[in-house]
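Scrolling down, you'll hit the structures one after another.
Common to both upcoming complexes is chain A, partnered first by chain B, then by chain C.
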Partner chain A sequence: MHGVRRDKQSKEAIEARKQKEQSKIREYLALTDHVLTRKKNKDYTREALETTTQLLQLNPEFYTIWNYRRLILLNGIFPKSSPTEINDQLSDDLSMTTVALRAHPKVYWIWNHRRWCLENVPTGPGSEGDPDYLGWRQDYWKKEMFVVEKMLDVDARNFLAWSYRRYVLASMPVPRNPKTELAYTKRKIEANFSNFSAWHQRSKILASLWAKGELDEYQSKESEFELIKNAMFTVPEDQSAWIYHRWLVGAGRDKGILEREIDVIKMLLDEQPDSKWCMESMVHYNLLLIKNHSSNVDVPKLTQECRSFLKELRIVDTARTRRYDEIEEELGA
Partner chain B sequence: MDEGTFDVIVIGTGLSESISAAALSKAGFKVAHLDKNPYYGAEEASLFLDEFVQWTKDSPDGCFAFSRSGNESLPQSRQYSISLSPSVIASTGPLISSLISSGVSRYGGFRLLDQFGIYDSSGTVSRVPGNKEDIFKNKNISLVDKRRLMRFLTFAAGDFEEAKELKDNERAPFVDFLRRTFSLNDDIVSTITYALSHCLSASDTTLPALQRLRRYLRSAGRYGSSPFLFGHYGSSGEIAQGFCRTSAVAGGVYILGKPISSITSTPQLDDDPNHRNYTIHLDDFPDPLTCDIIISSEKHVPNDLVEHVKRVSTKSGTEAVVSSYPSVARCVAIIDRPISFLPSQNSQEGDSLEEDVDAAEEDDDYSPEAEPSASKAKPTQAPVDAGILVFPPSSLSGGSATTFSVTAFIVGDSTMSTPKDKWIIYISTPVAQDNTFSPEEILRPYLDAVLALALPIDPSDSAPTPLTPLFTTFYLQACPTSPSVPPSTSSTSVGQSSHIISSDSTTSTTRTYLIPPSLPLLPLPESPDAAALGAESVFWEAVNVLKRLRGLRQAKSELGVDKTDREETQAQEQREGEIQIESFWPPLNQNDDEEL
Partner chain C sequence: MADHLLVPLHVQYIQNLGKSQDDLVYHLTAHLRMNAIYWGLTALCVMGHKDALDRQEMIDYVMSCWDDEAGAFGAHPDHDAHILSTLSAIQILIMQDALDRVDIDRVVKFILSLQQPSGVFAGDQFGEVDTRFLFCSVNALSLLGRISELDVDKTVGYIIQCQNFDGGFGSSIGAESHAAQVFVCVGALAILDRLDIVDVPTLSWWLAERQLPNGGLNGRPEKLEDVCYSFWVLSALSILNKIHWIDADKLTSFILSAQDPENGGIADRPGDMPDVFHTQFGVAGLSILGYPGLADLDPVYCMPADVIERMGLRKGWKNLERRAAKST
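Presenting the complex of A and B:
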């Protein structure tokens, strides 16, 4: 913390802390032993469940214990419970993971357990044919979006959260309008455009909208080029912008777009002559021109340009010299 | 030691003095802190509305040419905190560090400023881009200009002192440097100079402007994207009061509302270990106070004590180098309708680059709680509740400020400085030596320009009713170091600043009357940090002087001492050995937590 002095640790204080840690370690090892023994003995009682709660609070990364917990629920608790009781138990487990996620937002096993809980929510509270037959499930999915958004507010680049977000969107009983999701990615990008996950999500949604014919691909791509150019010019070192740009250009079938984008990058390179990404992209796009439109372009000229960029790149980015060598070999072919 | 005897007496509870008093008390010295006003803060005080109105009528020190209009007795007076020295605190800097290290930050809350606008000559207000996200989103800057601006900001945020771009340009006008060396266009140059670096005129030089800019850039992101904080309840006065409170908790004695009748220096009587350098008498106060050191600003120094004075200067670094000007024109206005600089931050706004998809965004089946960040509202104009609007020189047609920029600072109830649905507009600008205009003549056009930004009561109203302030005052405030300060009318101040001898190294005697550096009134973010830096310099000077004096006293007391004084001598010896001060603020203890 800023401004708060650390108290100098006396020898006694350090010793005392060590002792405390040793006893904590002993406790933890004893508990682990205890729980694993129960597991071996296929103990699926509520008591066993409590021990897993304890152990998982201490170490939420211990995936064996998450597995054991699920076995207890499936084999020991659920068979003896009513749907309402199962629902309540799953609600408790979800709360447990929410708490754990706040402290450990990137532990896969916690996210997994959450998914498992959601997938095991029974039908209800109503019976088949009733309007609230899927009531419980719908409630949980609604809340899930809220939880994911909270996680992404805390860390917009948590790729586990983005992945989970896609899972929730896909699982919702009433699917969300993809355009809302598109606007969400836009919001995250505007908050900080160095966010590879947000751009990635955007690309996924756009691709789906184009495939379904819900958005005009050409128009939409033009807007995206506008958007991404701003990122490239503002921070040319940001690789997520370049990777998105590369996705937009795609295989380079449209010569007009390819040449236009090359000009834009040239403009940026003029302003920022040491930009490695500019040079690398120039090479990549020129290669696409050569490959796809050889009859309509000045191949020798473009090849020469590529060679001079590669030369510069070997100096600016020595770590990837061999890669540039390989690209140059490809040029010669 | 008896009750009226102190190590240090501090006169005036201004921000710098209060920080020194707190540090000295916490370091274990006996401090008395006096102020003739019944309130804390002195020239940086935050006053209730009726107190402020009364203040404008009382011929306060250094302020003159008052004019007032509107209702002088508005309701809810005590819910207003009007600052006599409107200022903002950089999120990284000496003041915030002192606030945290001293524990004073825990006494109150802070509001991060969140709206920054710059007025351009076409009469529109543009958002000031402060970080890469702002630049990314801005529709009014070309791609190439975005690159150049980012390159400049990256340069300015780094260690530029040895940079080749800066060589030989340190004293060039900042605007020229930006144009030539970074190829920036006029609009961007203006934005950087006046709204990011807070320069006051086109003749401001490069190095100080860059240093200031760097401090602000490095403050961005600490508590939020904006670099500046405003303390609740009027900031300046409340913070001064916070330091006084922490001083009192550490044993400092506070006497408010009693003017000083005299300050005299008592000559040293050879063997008297109880001797103290100064005696202060207060009106209506039974006993005199004595001390070894006095800390106060220039105006309190009596003529005959002038040789005791040491003007403490800030160690290196951030001198507030701004254009030299003798005074500042100020306006304080209270309004009951919000104003807006710019459209809302909402990404559905036309401000962002992509419009088509957002316009197509449809309503979902989900309740608002499930989607907290999906806003379905139509684009609205966000009211300013803590924001700064800068008018570069000559940006307002009809405005007389052609040399200096004008700064408007608006605060609303989220800063706890106003009742609900009321806002305070502070407007300030430096005034040149040869000025003949009244403060109202200077600032009225700028106030009108701000009022014209009022949001209509009815959103569909195309011709909204013009906004008239509930109360307005204009006045001039003299800058403390100016030689043309009009004579103070206060009964306690006998000296006039122009007569104080500035040399203080002519004799070898210890100077025991310490004067902190005076605070720059502008730009807005400078005064708090200048106060903290000055206070720290004064603190160390006082500590050194007190150590020296204790040493001398101990030496004297060792030469045959009266039995009756033995106990006291031992206490002194102990205290001498105890003066081990390693830092400006001692470590914060849990015991210091009075609340929470």
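Presenting the complex of A and C:
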């Protein structure tokens, strides 16, 4: 149970609610028994399917009933149906899960049934060789992107929806241009810099485009540094931007980039002298300079700088004092 | 607000859960019953009140959930077998010293059948995959003494692909790091003796940054705190030997503040409705933090440490030292 407030109910109020619930409980248990009995008897008829609809509307988390529903479709309904009828049935099931997801956006079983439906959409309406041979499938997948975007409009951090989005992107019969996804994540990020889910997704898309040579890594990193700078200066206390920044800098083999970014952070630190994330990042990047470029930097000066930042950090970020102690110990004498 | 763990109230709260048949929610959550019993029993063991629930009744219930078609356990009689309920059933039977009731060969066969070519595990025959199910499978095989039948390289290969630049792990390849998924991946790696693939400084940093100014822990950057992350984050930190990277006192106070001081139980955050899931993970978190008077909890298996120790399965984790009770 998440986020349900504890209300102070009198004993009488609780009793009254329980009394009211008794008939509901009886109905629910009778329906459950009825459906489970049909299941035991391997009843794969249309009537059985309808009883699962009824029960799942009352309780969309009842995974056994979703399983039973799929068995009915596979063993009872589909073998007697034309491709058009199968397609219509799956369309009904998808609508059913859309309604359920609106009320229960974080129930794994519902997302799972949706996935199963999509994977069972028949070929057609055309025959092999016709341009609309995969027409149904293409329509569904296009619609899926719309559904998942609606879900992310309601809760931009819903990790089930993000996972589902990646699944849809990977499964579409006609793959989307990955650059569309870059535009989408940018839109999400600009709507709210704290949306780390979108930053994360962006890092995955970029890494894959760089690996495939579809985007110049150096140039695109430069524009990412611009985007992230905007976020860092707008909400310096927000860790999303700093984590992403750390990814962009990476192992810190490019001395020029490291020093430039350190200068950017120093600028921000002038405005925000107490900023934990500025100081924490300064320590991290200074350490990268020392580690990778020790022969070309002033090691004692950087070490001293780290020490004074660590001292400040122990004051502004008391929860993680011991971590700062350990980093200082590693600096050596 | 309570400043100490209300053990008698929580014991009573857990006992009462089984007597709520007049509550609709009780019936709507039947699909979680096996897990709920595991959560309740583990919390009771950690609080030193294992006998508060009837042993024989519990074993009988677990056995009534056996799905003979699949060869594993469902969450409730007549519910389908699933890895989530199967692991809980094994954990309960081990804690009650009744594993001899199980056809271990069949359960092992069920679990191994869930592994996909990619190395991840499905939850059941319908194929939803998730690193949670991978952990449950690895955990269950280990508890059954049959880990040698697992293809370790293939399994670890999948976990590696779920590793992100922030050191964390997601639910599947490409998914965002999430504290609960970090726990399952790190836990599986600990059982498989493959913690070498973890980027310890980066992951410990990410985990330590889950602590918010109010002491509570969140599961991802810029999200709200929640008592259950006390366990997911702490267990991973314990396995990495980095619990001291967060403020234990503040977290302890946060967990205690989420207790229901009237009817017992712990909620996700202060003032919310308690449930057995958060009660268990709150108590588990307190045990890892060395809270006085609690039994040690094994953070890898999330079971009483002495049980795991006896089975010879203890890994190199490090909880905070148990504090002595303050004299009053």
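Please note the rule applied: the second predicted complex is superposed on the first by the 310 of 333 C-alpha atoms of A that agree within 3 Å, B and C clash if a C-alpha of one lies under 4 Å from a C-alpha of the other, contacts with A are read in each partner's own complex, and residues count from 1 in each chain.
To be clear about the criterion, a contact is a pair of C-beta atoms (placed from the backbone, for glycine too) under 8 Å apart; a residue touches a chain by one contact, two chains touch by 3 or more.
Bear in mind the structure is a predicted one, so any value in this text is a computation, not a measurement.
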Quiz item: If you count the residues of chain A that each partner touches, which comes out higher, chain B or chain C?
Solution: C
Quiz item: Between chain B (first) and chain C (second), which, if any, makes contact with A:Lys142: first, second, both or neither?
Solution: first
Practice problem: Classify the contacts of A:Ala231 with the two partner chains as first (chain B alone), second (chain C alone), both, or neither. | Solution: first
Practice problem: Scan A:Arg46 for contacts with chain B and chain C and give back first, second, both or neither. | Solution: neither
Exercise. Scan A:Lys311 for contacts with chain B and chain C and give back first, second, both or neither.
Key: neither
Quiz item: Which partner does A:Lys301 contact after superposing on A: first (chain B), second (chain C), both, neither?
Solution: neither
Exercise. Classify the contacts of A:Arg320 with the two partner chains as first (chain B alone), second (chain C alone), both, or neither.
Key: second
Practice problem: Could you pull out which residues of chain A sit against chain B in one structure and against chain C in the other? | Solution: 2-5
Practice problem: Provide the residue numbers of chain A that touch chain B in the complex, in ascending order. | Solution: 2-5, 7, 142-143, 145-146, 149, 153, 174, 176-177, 179-180, 182-184, 186-187, 190-193, 215, 219-220, 223, 226-227, 229-231, 233-236, 264, 267-268, 271-272
Quiz item: Within the complex, which stretch of chain C touches chain A?
Solution: 22-24, 27-31, 74, 78-80, 82, 124, 126-128, 130, 164-166, 170-172, 174-178, 204-206, 208-209, 211, 213, 215, 220-223, 226, 242, 244-247, 250, 260, 267-269, 271-275, 277-278
Quiz prompt | Parts of chain B lying in touch with chain A, wherever the complex brings them together | solution = 97, 100-101, 132-133, 135-137, 143-144, 146-148, 150-151, 347-348, 352-354, 356-358, 360-362, 364-367, 369-374, 585, 587-588
Self-check item: Residue ranges of chain A touching chain C (in the complex, touch as defined)
Solution: 1-6, 18, 21-22, 24-25, 28-29, 32, 36, 39-40, 58-59, 61-64, 66-67, 70, 108, 112, 115-116, 157, 159, 162-163, 166, 194-197, 200-201, 203-204, 238-240, 243, 246-247, 318-320, 322-323
